[in-house]
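Each chain gets a letter, A, B, C, D and E, in the order it is written, and its residues are counted from 1.
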Amino acid sequence: MIFGSGVLRSMLITLKNFFTSYFKGPEEGGIFTVEYPETRLPEKERFRNFPFLVYDRNPENLRCVACDICAKECPPKCIYIVREFDKEGRPLKRPAVFDIDFTVCMNCGICEEACPFDAIYMDHEFEIAGPERQSRLLYHKDDLLKSNEYFHKIRPTDATAIDQQRREAEEKKKAAAEAAAKAKQPD
Amino acid sequence: MMPVPLQHFLFFAAALFVIGVYGALVRRNIIGILLSIELIVNAVNVNLVAFSRSTSLAPETGQIFALFIIAMAAAAVAVGLAIVLALFRIRKTIFTDQIDLLKG
Amino acid sequence: MGISLIAGVATVTLPNIFHATLSLVAALLGIAGIYLILHAEFLAVIQVLLYVGAVVTLIIFAIMLTEGISNKTIAQRNKLGPAAVGGAVVFLAALWGVIRSTPWPIQGGTSENSYATLASLAGSLLGDYIFPFEVISVILIAVLIGAIVIAKKDSV
Amino acid sequence: MDTRFPSEKAYPFDSESSVGMKTEKIFSMQTLDQIFIIAKKIILGVTGHFLPDWACLLTSILISISAIAVLGPFTMMYLTLLERKVIGRMQNRIGPNRVGKWGLLQPFADGIKMLTKEDIVPLEADKVIHFLAPLFIVMPALLVFAVIPFGRNMTAVDLNVGLLFFIAVSSTTTIAIFMASWSSRNKFSLLGGMRSAAQMISYEIPMVLSVVPVIMMAGSLSTNSIVEAQSRWHGLKWFVFTPWGFLGFIIFFLCAVAECNRSPFDLPEGESEIVAGFHTEYSGMKFALFYMAEFMNSFTLSGLAVTLFLGGWQGPFLPSWIWFFLKTYALIFVMIWFRGTLPRVRVDQLMGLAWKFLLPLTLANLLVTGFWYFTSRPVRIAGSMVLLALAFWILTKLNRDVVPEKRVYHFAE
Amino acid sequence: MEKIFSARDPSALNTETLEINFGPQHPSTHGVFRMNIVCDGETVVSLKPVMGYLHRNHEQIAENMSYAASMPYTDRLDYFNSMSNNFGYSLAVEKLANIEVPERAQYIRVIMAELTRLVNHVSVIGFLLNDLGAFFTPVLYAFREREKILDIFEEVSGARMMCNYFRFGGVKYEIQPHILQRIKEIVKKFPKFLEEFEALLSKNEILCMRCQNVGVLPKELAVSASITGPMLRASGVDYDIRKVDKYSIYGRFKFRIPLGEKGDVYDRYYVRILEMHESLKILDQALKDIPATGELVSKKMAPFLKSPRNFKPPVGEAYGRVEAPKGELGFYVVSDGTPQPWRYHVRAPSFINLTILEDMCLGHKIADVIVILGSVDIVLGEVDH
């Protein structure tokens, strides 16, 4: 083939793309870039960003019982939990302090897997840039707390499945409790 | 653009010529000497063109001579630089006072 | 006119060789200006093209190869400084004396009608000056080959 | 005895005849075509009353200079925007559209950014030359505007050595690039400087030689007369339609692309290899000057290509200067198109292409033009076509190593 | 005028030799990688690569964490294809604790690995063109395809690049049918894009000029320097771990291995394009006969999903290797019965492919060094791990 033909053919392709970018949609070779602040890509359900703590109805009864499993399992060790003690000094099943250092966390989702009490889940919210590193990105308990409804809003299928499991667990526990109560009560 | 008398050009060319000669004598660096030779050649050219303008018999002869001289000067510089390069490779220096011994 | 003189002096005196070359460029541009005043446009453009475009670039190449990157500016003037200045001044005075005294055929300015047009220049170049034109081309080729042979690396 | 500066005499503006012609002209394509010249005459008319004769001459020159001074940077700014938009579209993304309606104010934003950037001069750099280099690069880029015929009689300075002036001035950029790379004392810029000088020189000769056939056929060096030579038959007479003209156009355009260091030949500031070549050490306003010079070069060179081969401002009914700008921007689009698609050529291939391929091709082109000049109509078209094809074929055979070799790939189970 | 450095004897005729640092922040070294190049004029005389700017002590960290905890770290090794890194690590631990992976999980793993191969090869060719000077056009065409595949990864595993999707004995999440359907569409449209991409590049004279007979890697040197991946196959050696080991379920798929003959930059580029065609074949077959249902993680490993730290593999050692797009990616794990590995080592293909960079670059121009580095296709995360 004559010398310049390869170059010419590659030029024609860029020209084709130049014109299709005006007329065709994003699928067949049109413009596939999205202008971020105005239009946004649809959010994917399983997308995982930094974790958050779930509470039912009001922020007091959060699900976390400060069992410290997630702190032990977290690869970069970015969770710090201190258990709460009531006045007499007996430990309570609630965390007094629950910090996650977002600069260390690599949102791998292992804490979500390891948590036996479905207390910690991965969030969808990613615009959390702050002015400086230390204070702004070290999240304390109250920043992390988010309601169960929010959890349903961002991850509908997972949330319903988990709620369903929790309800069954409660019925089983109630049934077991009644059975135990019945067994204790007749003798 | 009032007419410029002939003498002005001649004075200017002579001055340039003398500067070129001074440069050639004084410079230690061969390339410096080549530069001054360029100056001398240009001074000569200016003279030529000035004369061709003032004598009205065949006006373009002066310019043709100037053209030939420019060509020759370019050739001279080319050969000069080639010699300088070769010299630099062997002697590692292009300063005239260090290259005075004629040994091979 | 003035520029070229100053630039000429600078070419000769500046210690750093690169600065000297640049002042040579300024001098050449000044001379091209003079040609324009003398209505020799073709020559001015040729001068710019040939000298500033090619010759000075050649010189810069040479400087690049010989000076190396970190060049130290060593004293550029050798011993016979003052003697040369004296000689030059004497020579200049003699020249000026000659110029001022000789009666040039046309004392007046340059006559207006006789400037050379491009066409006439080309005509005579290829007309009655055809022989030197050919000789020049032969010489240039010889120089071309000669320069390459001298500057070629021995080893390769 | 009024000895005028030769190019003055060729000035149509001040001669009384054209002033008379304007008055009884009804509004027609002609006036739209001469819109700028009429505007200039009006200004001259106004200033003519209270200024002495030589001052009137001065103002006419000043007007054309100011027109160019406005046109130059303005085209440069909008060329940067055009380039980013076109390359963006080629890559299926939208070009800059944040500043201004479609990104129209983007060049101003870039300009302000360039101005506010801090001007770093490397420590042991050669201060004087470091400062001078950008000026020396922009100077030829602006000087060259004077010779390009923008419209019917809208050439700033109609030198009868116009073309030669263009080539002479554009060859001085080599020294400016050297100054820039030598004075910033860093290895990358030195490499860039050496490469660009070698590239400039080796691409200047084919460029000049590819222009010679046009001069031969047009008979003169002045750009205006070249455009006149192509004016008959409404565009069929353009040089590009003759075989040697077409080949000359391609070679000229390739050399023009190489001259202003763009796209396949942008060796001197090859980003991926030697960072930013000779203007590595520059920032702020000085870098803007380099940038401006590069874009103005590409504008003027494509303007010249239009003048030489595509019949300058010849065009059926649109006013002349619109035609000129249309054609020039078309060529600039092709330059940007090159930049969007083609990878960079290596230094020795660059030289090889220039010396071993383009130069012999231009010489062949010269021969064919001679042949064309002296033979009659039917013979010369066929003859020159055959000769040129032959030359092209021989040259591709000679440069065996450049032509890509076939590769066969077998598969293992 | 002091001589900076002269490789050859000073008396021989040599012009000024330049010693240039293609420093860590050079625009085209694919990350923080330095090369001390000594060149005479333009041709390279000697080249010393300097690495370690991105060393994050991955192996030592892994030895202080439980097995599952270091899975997210393997994503960060070769951040272009995290799925195949996970694949390699999970293979090694499954061999160590002889866990067998259920059928459906095997198919999902193969589909994900082949999708990463497509992503990697497409973007590598894009970056190679970038080094050659084509101003970002091929990269953006490649990224248009890469975006679609990364959306699939995000849909499936939760993150575009740091997927952390594989678990010992299977995968973490289920693939819903509509995602499978989307993968089928992508695989159907990919060949059309590929031949447009090939038409843009393969016959391009400038590309051929720049790439042919540049950075030639002879067969013996490739084998002796234990080069693996597309570089080895471009030199004509028929060695692909998917065919040699037939690990996971690669034995069931029918596909071929493209081989070049000269082993220069052009061969490596073209072998990668042909490999993409082969991966598409594998994906077609895998998508066709993937079982509709089936458990995701083997029963033996299910309890440890919830509490990874009390997963204690038996004492012993295992070396799991996988055909990553860059070459043979191996994980050597030694366990002493405790939840933390006693020794954990990663065989990074990019690191080993880099060792012979100098032999390929001698005698070439500086512009070629960058192109050869681009064709070797290194990712600094893996080189310095």
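Quick note on the criterion: a residue touches a chain if its C-beta (ideal position, glycine included) is under 8 Å from a C-beta of that chain, and two chains touch if they have at least 3 such contacts.
On a predicted model such as this, the values are computed, not experimentally measured, just so you know.
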* Asked: Nearest chain to the global Cα centroid?
  -> D
* Asked: By CA centroid distance, what chain is farthest from chain A?
  -> B
* **Selected interface, A-D versus A-E, where C-beta contact pairs are more numerous** => A-E
* chain A to chain C: how many Å between their CA centres? -> 78
* Structure fact -> Chain-centre distance (mean CA atoms) for chain B and chain E, in whole Å, is 64
* For chain A paired with chain D, centre-to-centre distance based on mean C-alpha positions, whole Å -> 58
* Which whole number of Å gives the spacing of the CA centres of chain B and chain C? -> 5
* To do: For chain B, write out the residues touching at least two other chains, lowest number first.
  => 1, 3, 89
* Where chain C touches two or more other chains, by residue -> 39, 42, 46, 54, 61, 65, 69-70, 115, 153
* Asked: Tell me, which residues of chain A touch at least two other chains?
  -> 3, 6-7, 10, 13-14, 17, 32
* Structure fact -> In the complex, chain E touches chain D at residues 18, 20, 26-28, 42, 129-137, 140-141, 144, 200, 203-210, 212, 238, 243, 256-262, 266-267, 270-271, 274, 365-368, 370
* Contacting residues of chain A [partner chain E, same complex] -> 1, 3-7, 9-10, 13-14, 17, 32, 44, 46-48, 69, 72-75, 106-110, 113-114, 116, 122
* **chain D residues within the chain A interface of the complex** => 86, 89-94, 337-338, 340-342, 392, 396, 402-404
* To do: Could you pull out which chain D residues touch chain C in their complex?
  => 1, 3, 6, 126, 128-129, 132, 159-161, 164-165, 167-169, 171-172, 174-175, 178-179, 182, 185, 187, 190, 194, 197, 201, 204, 220-221
* Asked: Which of the residues in chain D end up touching chain E in this complex?
  -> 87, 90-93, 187-188, 190-191, 263-264, 266, 270-275, 339-349, 402-405, 407-413
